[in-house]
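Given below, in the form of structure tokens, are the structures.
Look for subunit A in each of the two complexes below; its partner is subunit B in the first and subunit C in the second.
Here is the complex of A and B:
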């Protein structure tokens, strides 16, 4: 943790030096606005552009943000020194207080401390997990993998029906043994339980991982580490709907909110396994369609216009079919073909045929 | 699983016998409507009353529900026979199909198959988990506990930073070793991570368990089993708001939806540890108040009028204070007193002083 502490100290030292020299203290950071977010065609990720900005202490419009950033840096430093981790919500409460002799609070709303935390990520080049500030905890994992975490040796193949509960921060776990051909990530815990009960990971030499809905940063980093450190292909299994595509898109290309962290979060090699429009036809799932609402159509239009999708023919074909169907379908619709159809037929066939979307 | 299968067979046999005798098949079950839900002052739980009803096959208003119940029973039987478990959503898709030569679907909406599943719980006297139909999966646990589940021996004290991921169904786990004085259940995963990092369960000989928001049936059953089989006190730690009180209320007294299952789900001995109105004053948390909205006031009024709260003076005092404050506060507001204030001061003091609400 010395590196992180050094970076924070460096940040503080610069401010102190300015003050001592009688200069106005400033923070020099990239602009984090839509206008400075670009899709890098080479790395295939959403990144920040080159626009930089200065935040001055003696500027009525900047002073509060300046102070917030310094306060969040102090909290992070304290956490690193004590070896503890906090959530963003904790950081908000730790920073929140009224400036003496004024009625002004350092932060009034969590979005302010969150933004400062993002600034600190940019200033230090460390993720907030590395700065000891954790995201939400969610999700389970199983597979022939042994890890070490906080001195415990944990065998993901011996976790009963529950699996290992994925922590919010996976920076410090080490992989002792990874026996898997690929990782299957799904957005639904119920589907994970189905595959786990069918011993899918054991029969097919893979790792199964799930969240419930949103993919947390902990899960994304765990997927990324398995991809980078163990060269495992990552497959995403999601509902056939705009939200399912969005889940895949965020894992693969990043999101506007995390553009400043894209290198640490995105997994360009991730592949979309299903549910696709072709699966719907092939497996006769049309009768389990759920009608799309206006909001779904709007979302679909938005997604289909993303930089990375707009010239992607296979995806445009999917979007057109979804629009023409006017309907979405859930992973669990496969259960209409039999409770273990997904693990005995659907997944093995798809993976064998390499029937994926990129 | 023979008992469950026998009960389902019994249910089917009765229908077949009626048909063979030329009698109209019927299902005799308790009425599950607000009019038949009573608060049992003795057991202190929400239960079904004595009103019974017959559901006839040859009755236009009953026929569909009759068929749905039979279909869900068939799915459950198949699951038990194959040793597999399904989610409610799976059951919906497994039951859903169009009746030949008609345009009528057996079920159109998941609420229909869900209701039939509840009927089957009443008919067989088994919970749906025992009938192999699982609820949502959520939550983590840590402590000096060793369990066996699906042939795996799992040590809750050696799960790294993640903990054991609680499955949706905990009926078949066995406790090999339970070394704990009490269980602390909290509604927030971030607070669980705080306590886990501070080794709270190790220092205070307890089990820490969390969900994210709602308390799943898996968690409730796990809490109940630890309470019943190991006589452990259960403490609930929730935000100071109507929703936090509701979480506690459901665990302790049950809910209208689950009145037919109250014996298997409620834990009358559970105690509310905090956050209380007195904690707010004692620990100077007023500055971290969040203003209550109309919907919060409505919810508070509703809860304060519950049968089990309306003559409970300590709780009525809390409700009045909450109303007078016109504000709620989160567990994490304690972080304003220092990141580990909760595990080093707040919780040990509260538990030592037995400062709880019943």
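Here is the complex of A and C:
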């Protein structure tokens, strides 16, 4: 852990030295805006470009961010020193206070401290988890897998109805036994519970994993490790709507926010299983449509214009059909065909036919 | 034998006297309601006092007193230190409508038609039946004359109820006392506001005002300089309408048309007179009295087709930049004042000058519409704001660049008082009640130019103030952030917090310029 600590100290020393010399204190940092995000055609991932920006203290527009960044760095150093881990929410409260003589808070919103944390990752080249800051646990997994985490041996097949909850930091996990043909990742916890109750993972030799909404870093990293270390195919099951596609896109290509972590997150081999427009027609799900709003159409347009989807014909076909439907459908719409239709018919058929989108 | 109906009708047809007409149409003269009546009576009396003092080159000191006699009945006493009125004129001036000295001259004054004070007398007579009481003295060697007058409305003639000489300790001056039915209220369009506004544009006058609650307000003069005397000018041909031309011809003493044009108009010399008459196909030798209507029409057209120099403008007496500013400073508590006095211009052959002033900041509320004060020949206009040329020019001016908020076709919002003054030998009022100025494009254009000129200076001031405030805020941001940054850096590096703090404070102190330099250098650079 001393490497991380030294790196933070180095960052602080640099600022203090320039202050002592009477030079404008600044933080040199890559630009983390859309303008500096590039899609690497070779690795098929979103990466940070090489545009750099300086954040100056003596600049009204920068002063507050400057303060937030050094404040978060101080918190992280203290965590490393005491050997404790904190959540992003904890960090927010550790940083949040009103600056004396003003009505300004150092941070008003957790997104501000989160951003500073991401900046600190860039400054130190260590991941947040390595800097002792974790996200909230979010997500469950089940399957015939045995792992070891901090000395505890954990069997994912014997975790009861809730499954094993995936920690934010999965770096220190080692896989003891992995018996699975593929990993099925879904955006809905409710669907995961359905499959778990039906022992889907047991019947079909796979791992089922879910989060609630956006995929956390811990899950993405865990998926990546299963893909890389055990060559397991990863399938994504998401709602038939622009956000479902986006979830898939983030897992496969990376996100703008975490472009600096692309190497540790993205899984180029991931495939999209459903729900597709063809599923809608095949399983007669139209009657469970939810009408798309203007904001949904806007989002759909944005996504369809992403570099990595722009020339992808099968995906463009999906986008067009979604637009023509003017409607979206949830995974749970499948339940209209019977409560276990998804585990007994839909998924086995799809997997068998390898009916997936790349 | 039946009498023709026309004969029957003829029995009922007779002349209506002006007095009778106004008796029925009080609203035309500003007596629409009881509250406004109080203001109109005081306004007419004060206008007369100020006009009289200025004509006699006396620094005006006007006393206004309102006494509540009973519910909705007030006694109004206005007393001045003016030249007084000679005995035989008193009844005519106060008790005959349309009697006056000002109607027949082209000269800048507050009153115009000779209706004002006699209309007030008529109103008193109608509502309380009481006569007007007048005391006037023209010099210490003369006695003070006392009159009680009614108006004989059928014949529009004064009816003397009482007259005589009385002792009065004043050297000279006039005192008018009227009992009227009215209501008194403070606030917008009140007597209090009118007198305050009067004080702004008449910084040479002292006004002592006692309201019905027996509170005395002394509006002291801010200068001992009397306004320059207004000179009477002859009408300019462009400003004369057909009817007036006809009347001038009938009443003319000139023997020929050539001399009629040369003597009775301004800016018409022998050459111009000849040109007009040539175009109208009228002989220069013809007698004015012989001109028939068809010829007058020719003359009007000829005038329109002839180039005539604009009328002289030295007849206008503006308040002036400095005095207007003094007036504003005296009555409006603000932090920044600008005044503008434009050069004379002409509308329809009538010269005029526009002046504008503004008082910004201070205790004025910043989230309300600006206060607009309108004046014509130094008289405040309180009613009909939205139909006035002053209002139109204010809303047509874009105030946003001058640091005020403004939505479309509304007064701007901000801590501001605006004064717009039109001085002219004949201000174009929209009605006899003299409440609003007509929308002549020439006048609106001048008003807008005046407002823009004042606005630009306001803009410079407001922006300077804003910049200074921002600079202050900027420095205080850094001052407050430094201890926080120092503390964080100390926790990161283990170095002394105090020493980092001190170094950063030193940088801040050294560097107002430093900050600005960096500000410039960093412009355009933004991170997410």
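We take it that the second predicted complex is superposed on the first by the 289 of 358 C-alpha atoms of A that agree within 3 Å, B and C clash if a C-alpha of one lies under 4 Å from a C-alpha of the other, contacts with A are read in each partner's own complex, and residues count from 1 in each chain.
Going forward, contacts are C-beta pairs under 8 Å (C-beta built on N, C-alpha and C of every residue); 3 or more make two chains touch, one makes a residue touch a chain.
Quick caveat: nothing in here was measured; it's all calculated off a predicted structure.
Using the contact criterion defined above for the overlaid structures, shared-chain residue A:100 touches subunit C, although it does not reach subunit B. When both complexes are overlaid on chain A, the residue A:164 reaches subunit B alone and has no touch with subunit C. Applying the stated contact rule after C-alpha superposition, one finds that A:339 touches subunit B and leaves subunit C untouched. Of the two partner chains, subunit B is the only one touched by A:288; subunit C is not. Between subunit B and subunit C, B contacts the larger number of subunit A residues. By the touch criterion defined above, A:175 reaches neither subunit B nor subunit C. Counting contacts by the rule stated earlier, residues 78 of subunit A appear in both its interface with subunit B and its interface with subunit C. For subunit A in complex with subunit C, the residues that touch the partner chain are 8-9, 11-13, 15-16, 19-20, 22, 24-25, 29, 31-33, 53-67, 70-71, 73-74, 77-78, 99-102, 104, 106.
Against subunit A, the residues of subunit B that register as touching in their complex are 78-79, 82, 84-87, 89-90, 93-94, 96-98, 134, 136-140, 147-150, 152-154, 158-169, 172-173, 189-190, 192-194, 197-198, 212, 287-288, 330, 332-336, 339-340.
The touching residues of subunit C, when paired with subunit A in their complex, are 474, 476-481, 483-485, 487-489, 491-495, 500, 503-504, 506-508, 510-511, 514-515, 518-519, 522, 525-528.
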